[in-house]
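These are the structures, in structure tokens.
One chain, chain A, links the two complexes that follow: it is found with chain B in the first and with chain C in the second.
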Partner chain A sequence: MKDEAFYRWIIFLKKIRFGWLAPFFLLLKGESPRDQLKAIFHGVALPLISVLVFFWLWDLTSRQIVTKFGTVPGPKQVWSAWKGLGNEKRLENIKEKEHAHRVRQKRLKSMDRYASVLEDFPGEIESGLTSPAVEAAMNQATELFERANELMQIYNRVSVAASLDEAKSTAEGLQFAESKELAGNIIAKVVPMEIAYRNHEEAYRADPKWNTLPGDTDAESNAKMDLNRSESRILAAEKVALLIERQKMTTQSTLKAFSLISSLPKGMRDHLASSDRAAATMYVPLKQWYEKVLAEEATGGAKYKNKVKLKMLLKAFENKVYTGKDTYVSQIYTSLTTVFFGFIIASVIAIPLGLLCGLNEGINNAMNPIIQIFKPVSPLAWLPIVMIVVGAVYVSDDPMFEISFLNSAITVALCSLWPTLVNTALGVSTTNKDYLNVALVLKLGWFKKITKIIIPAAMPLIFTGLRLSLGVGWMVLIAAEMLAQNPGLGKFVWDMFQNGSSETLSMIMVAVFTIGIIGFMLDTIMLSLQEFVSFE
Partner chain B sequence: MRPKYKNKKQKSFTEWLKGISLSFLSLSATACLIGFVLDSSSTKARAELLDVEKDALLFGFIKLTDCAPLVIAKEKLFFEDEGLDVKLEAQANWKILLDRVISGELDGAHMLAGQPIGATIGFGTQAHIITPYSLDYNGNGITVSNDLWEQMQENDASLKSPTPKHPISADALKPIVESKKAAGSPMRMGMVFPVSTHNYEIRYWLAASGIRPGFYMDQASGAIDATGTTDADVLLSVTPPPQMPATLEAKTIEGYCVGEPWNQQAVVRGIGVPVTTNYDIWKNNPEKVFGATRQWADENPNTLIAITKALIRAGMWLDEKDGSGKYVNRHEAARILSRPEYVGADYEVIKNSMTGYFYFQSTDKRPMPDFNVFFNHFASYPWYSDCVWFLTQMRRWGQIPESKPASWYDETAKKIYRPDIYTAAAEHLIEEGYLQKHQLPAVDEKDKWAGYRPPTDEFIDGNTYDGRSPIKYINSFDVGIREEIK
Partner chain C sequence: MDSLITLKNVSKHYGQGHQRTDVLQEINLDIREGEFVAIVGYSGAGKTTLISLIAGLLKPSSGQVLQKGDPITEPDPSRALVFQNYSLLPWLNVWDNISLAVNQVFPAWTNQKRKEHIQRYIEMVNLAPAIQKRPSELSGGMRQRVALARALAMDPSVLLLDEPLGALDALTRANLQEEIARIWSENKKTVILITNDVDEGILLADRVIPLTRGPGATLGPSIQVNLARPRNRKTLNHDEAFKLLRQRVIDFLMKKSHSKHTATIRKTFVLPNILPDDLDAPRTFQSGKSNSVRREELKHERLEVEI
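Right, the complex of A and B next:
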């Protein structure tokens, strides 16, 4: 029994295209080691050697070719470009955090400016949102907030203190026990950090080595700019870290201070933990209110005098999405989405059409010239047509898909539907005559004959077609994205080409490897799927 | 700002909201403290935020240094200060950019000054596009291949110098053009787009030396020629800016007119020689604008004012100078522009023109402080006369096939250029303390010709341009279509 499971595992490995691992397992089991070693040599060592030889030759030749962009990058440069793209993601994350922080800051300012509107908050929206239980919790929470307010004030007073002594004297004579605890926490942790940070910042600003001066040569000011940039990045990261740390501390100590905290409704706890979520909660009733104001105005009712203020307040609580640049990872994601979308469109058209062609020779003959003429058309020819047609047909105020996305997906579909179509037709028309005779004997209906006999019999070829289609689609996609402005890998290659910088070539090579590896993975997945549907 | 709770037992949702708002207020004090460290830029007093209709915006740009105001407005957070979340997306070429603005995929874009004009009068694609903000003045150059430069030097010995005297006219080019035409293979040169400044500038430069760059219509028969090569001594063709150096290197063209960094790129890569800049062709000529469709502008009036505010601040930042007249922020701007998602060319290349220097040959580096002007000399104000100049050139080369009365030029300019939006934005900025009154042009609203720049003769051929009399101007050229004076 154990043996059977083992061999099933080996077969499974082979099916998912990891057959090269099988000899290792067999070797462990001690099965004809000579054969296994030979298999390992062929399946693992040879490919590895060839890859290494390729890298070696590449490294050797790349240095000989000098272009206007500098020498052709070798494996090392491409590897460092790849790592650079990884850093890009990290920098974007920091920027995103900084952005979130600025949004919150602005929200607070808007609250400051427009809070008076809340005096007019209408009763019915209130009652719609509240039940007696929530009401009770709210009452409790309001009291908590009053105390929290004091805590916040203490926090502010103490944390801006210039020295520890000053902080301590500010913290004296506090009313609530929890305030004292918070003040203690701040004095112990935040104030030293704040002072250290301020000193650091001052030292940084005072040091002339960072400041570009009018008399500097270009090289000098460049070097300073570089330093400044990396330095300010590090500082920014530190600031963010500090900010998070500080918020965490405030929240933690506030939470700890309230012994009532376990009885708080979940929503309130969230408010304490994250101002973003507080914003989301605030947004709902404010939106309802604003819509009510608009509806009243539309039906000729009284105009609300503070409408603009209300709107501005509402806006402050809208969820703000960070609009950074497209990172390499997000571009890969866009490309994959596009290719799958196009591939699905192609399959939905090609498989039924292929079935028809395979079942009926007449239809097949009729379709043949169309298939043969359109099959070899390049994506570059389809794309302008698709762009013009989609641009004219797909008009919507709130489009579900970006037009550029549709353009590239449809181009992918147009180019990749042919292999599936042809293979499906072939698979259906060459169904084993014995199977069809069985169907005759069993007197199967037309529909049952197709679903029970023909499609299963044609499955391997249909999947061969699908696999070829996906391969074609992936290749076509890059060309389509270059021209259709769909923000994927193709656009990345095009943008890098347009940059014409010293990094251009290595960036494009990174993209080439990415495209190749993803294409290889897609192919492998389709191959193993094909293995699983073949019934032999 | 503590609320007075009348009855503690009747606390309601409203009060809960107020409670939250209060804790926000106190939090805000904390945030201000943190903000003091994090964001020292927003220390100025701020008036009410504009009630923008749309806050998530997608703008298109082409990889050229003169997209700088857009990039700076985003990176220096001027857009964010207006409550706008802007994403910038590089476009493959000007045609795609324009089409995507018209289709609504892009909210607005960095455009060639001629694009809104061409689109509005229906040359090429028809769509009403307006512009409230001029992105910059100058910034283009004409580059010829090394071979052509050597031939020009043979024709004119004074050019045989590491630092020849400027401006260089096309006179030395004329014999070469003529012999090539006689041999049956006319010279080919590249420009960026049929309605681009580069097209009119290279035409102006050639025609100033008596070389005909070709017309967009046959004057005798009235037949339209979309390629603009009728009766041409030099064949001009469209090439996207980033591909110019490669096309020159491939010898498909022998010269081109393009914006930066693609002239400096030719010098750095040693494939061509910039012979002149458009500063010499017309001192302080309009170059790029920010364009949006009229429909979009009508639907989002406040958003457009907010965008213009941010752009004005970006222009000011870019043109800020220290006491000695050196740009203070241009190095940083060049750094930002050299990032791969923006212009992406090497910092070394972008830096030259951005910091006020221009290499004519690798041996010939000259200070050109006004090579790119973003704000000074009122460069960001959308002057009607700038629009009229483009219209006169479109008529001169036959892109406008039929004769138009002088009043049409004025009316069309007022349809496309929108100084009213610029002024509204500027007034907000004055109120907020970012802008001084003297930084705006003194425009007398009552004057019929308000918004026209005074007449100037600072052209390479010394011809005087007065936007108020376009017909007279069109007829002042030796090469070009002439209007009949009724």
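Right, the complex of A and C next:
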């Protein structure tokens, strides 16, 4: 069935809006070439010709108009402006690399010059282990270790005890409440084992593999297992404690090693200088030390003689991320994220609300005036309100989103809400009577009726609404970004306009084409999605 | 006699005041278990209203619709309905359309049992190769088979068929009629078939009941069809008993409504003294006048008067 797969491919192409490619495939297959050529002429050649004619007319007319920025740019100038934007991105990359290089050189230099201070590094700073999580882990491990020790002591006493009574009194003699409980547990478990031990004393001596000894009852073997388990816990706790000790020592010794930095191998030095993470591991203990020095000075203690050196070293290891200016690509990316964020907010509100309106005529009538009044409001009217409200409500020291991003996204949401809302309501309220009759005859419940009948039936219209919403959102976004100064395409256009250079018009036209092409792509994507949910 | 569905003095009208239209009046009907009843009537006579009343989609304006003595207040899967326009859910394929009904009606069954059940009914209507297809990919006849399979899979106590073959071409129609006859003979379900095709009613049903022309339609006397089954369309067309039955139904349907009185007014019209030109005759300049013949014809005009 190769043919079937081929035609499925053709149908798929049409569904994803690449139907203009289909005649080429059909032509390759040799299917009625006349029809295919005609389709190619209509689907590819004609649009191409019209675009070329447009460019030609544009080129012709643009030279005639002279503005304060020079003549209106033709296609060639716009193209070179576009290439210039590509170069800008490359330039930024080079700048970032240069920045990294500079930082590295500076660190290496500081290390050579000031590393001798590290010989004075105070031993009591347990650096690298200061985060709350590490502290909690350490405390837990220490506690475990102590408990394990206690357990060990009890175990030793019990196992050494010659008689049952002695074991009990040892345990009961313990002072701590918790230990008492522990001791009780141990006694309850160890006592049967003790008896067993005594009963098989000779056998133990003969055979060390007492686990497989005949005559062990279940209780005895359980007790042994428990004892084994507690032994292994003690061992684990000891291991943790050891690890902690070792880590403490490592940090100290690392810093000691750094004091001999000039004698370090070149690779290690380079790594320390160029990797931000490696630099951070140096920075944390140095900072603590520096703060300690400052604190001592404040309380009237002795002044540290190499304070300036230490400060310089500390500065060299500060985290220095490159924050260059936004490139055109990053501005496109910001615009896309903003529009999608706004679009998602709008959909999350509009679809359920539309569902409610479509299901209930009363709600629909109640909502209608609100929808009709707010639907035609321009984004330029919403934006100041959004800016003021967001500015008042969204106050945070460490905001998750930039305020300007939120302003634009919420404005987009407010404007793109309506098509989805209206279309969803329409789709739901015009559900075919026959489908509802099916629901009635089958006695579908309320929820099933909505999920199995009404929503699927309204799906094509819901998607029409979503497509319109995304289109509106994209259109509104540019205006919103211009005013909210969200670093996207709108701001790019505005900045270019304010720039007033000879390239201004070309740059803005590049932005116009970018906006148009992205809008077209978004629409195409939504159309093909719509194609997949429709059932006609 | 234990009847499954009973209609007692059922009337139905739409609208109020001067916009009121009476659709059905004084309907009395008794349908026994296992019976195949065909209700035959004109388009627009209120057949769909009648079946909707039985299905529970509509409530009667007066009178009672009963199922085993209990009044019907809402639709129920025990009265499965097959619509003229199929009412399949276009976003589901054949299997899912049927399984939606089966899952809803038999929630207690195991998945395996439901699967076998659906498979059985799909095979019964010969749709096994089209299981994965959506309604838009099926022909009208195939769609109606799916609708039939869905209704049958609900295992209803009565199957209501509302002009199920009305939208099909004559050949598909004949095929499906045979199929319905075969399926009924296998299941022996109670069936109420609404149709505007007298032949179809007689071919399929045990009993044919004509519905008079609306507004205010009512049921005529039921006509028992005692033809032996299986009935063969070809031989039936020459069968005297069949012809007689058909004549009776048609006579009743064609007969003027009992509530209407007709008067015949005789009137003589004298048609104008003109004959059209004979274009075949050889043309002469004088022929138009000299050859004309005077026509006098008697025309009767009939007038219906409603009292």
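One rule holds for everything that comes next: the second predicted complex is superposed on the first by the 324 of 536 C-alpha atoms of A that agree within 3 Å, B and C clash if a C-alpha of one lies under 4 Å from a C-alpha of the other, contacts with A are read in each partner's own complex, and residues count from 1 in each chain.
Quick note on the criterion: a contact is a pair of C-beta atoms (placed from the backbone, for glycine too) under 8 Å apart; a residue touches a chain by one contact, two chains touch by 3 or more.
What you see is a predicted model; the values in this text were computed from it and never measured.
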First (chain B), second (chain C), both or neither touched by A:Ser429: neither
Chain B versus chain C as contact partner of A:Met459, first or second or both or neither: second
Partner chain(s) touched by A:Lys443 [first = chain B, second = chain C, both, neither]: second
Touched partner set for A:Asn360, first chain B, second chain C, both or neither: neither
First (chain B), second (chain C), both or neither touched by A:Thr71: neither
Contacts of A:Thr337 with chain B and chain C, given as first, second, both or neither: neither
More chain A residues in contact [chain B versus chain C]: B
Intersection of the chain A residues that touch chain B with those that touch chain C: none
Interface residues, chain A side, partner chain C - complex: 434-435, 437-438, 440-444, 448, 452-453, 456-457, 459, 535-536
Residues of chain B touching chain A in the complex: 1-2, 5, 8-9, 11-35, 37-39, 48-49, 51, 55-56, 63, 77, 80, 83, 85-92, 96, 99-100, 103, 105, 242-243, 245, 249, 265, 269, 271, 322, 324, 326, 331-332, 335, 338, 340-341, 343-347, 349, 351, 355
Contact set on chain C toward chain A in their complex: 55, 57, 74-77, 79-81, 83, 85-87, 89-92, 100-101, 104-105, 134, 136, 154
Residues on chain A engaged by chain B in the complex (per definition of touch): 68, 98-99, 101-102, 104-112, 115, 118, 121, 126, 129-130, 135, 138-139, 141-143, 145-146, 148-149, 152-153, 155-156, 159-160, 197-198, 201, 212, 214, 218, 221-222, 225, 229, 239, 243, 246, 250, 271, 275, 278, 282, 285, 308, 311-312, 315, 318, 320-326, 391, 402-404, 482-483, 485, 487, 494-503, 507
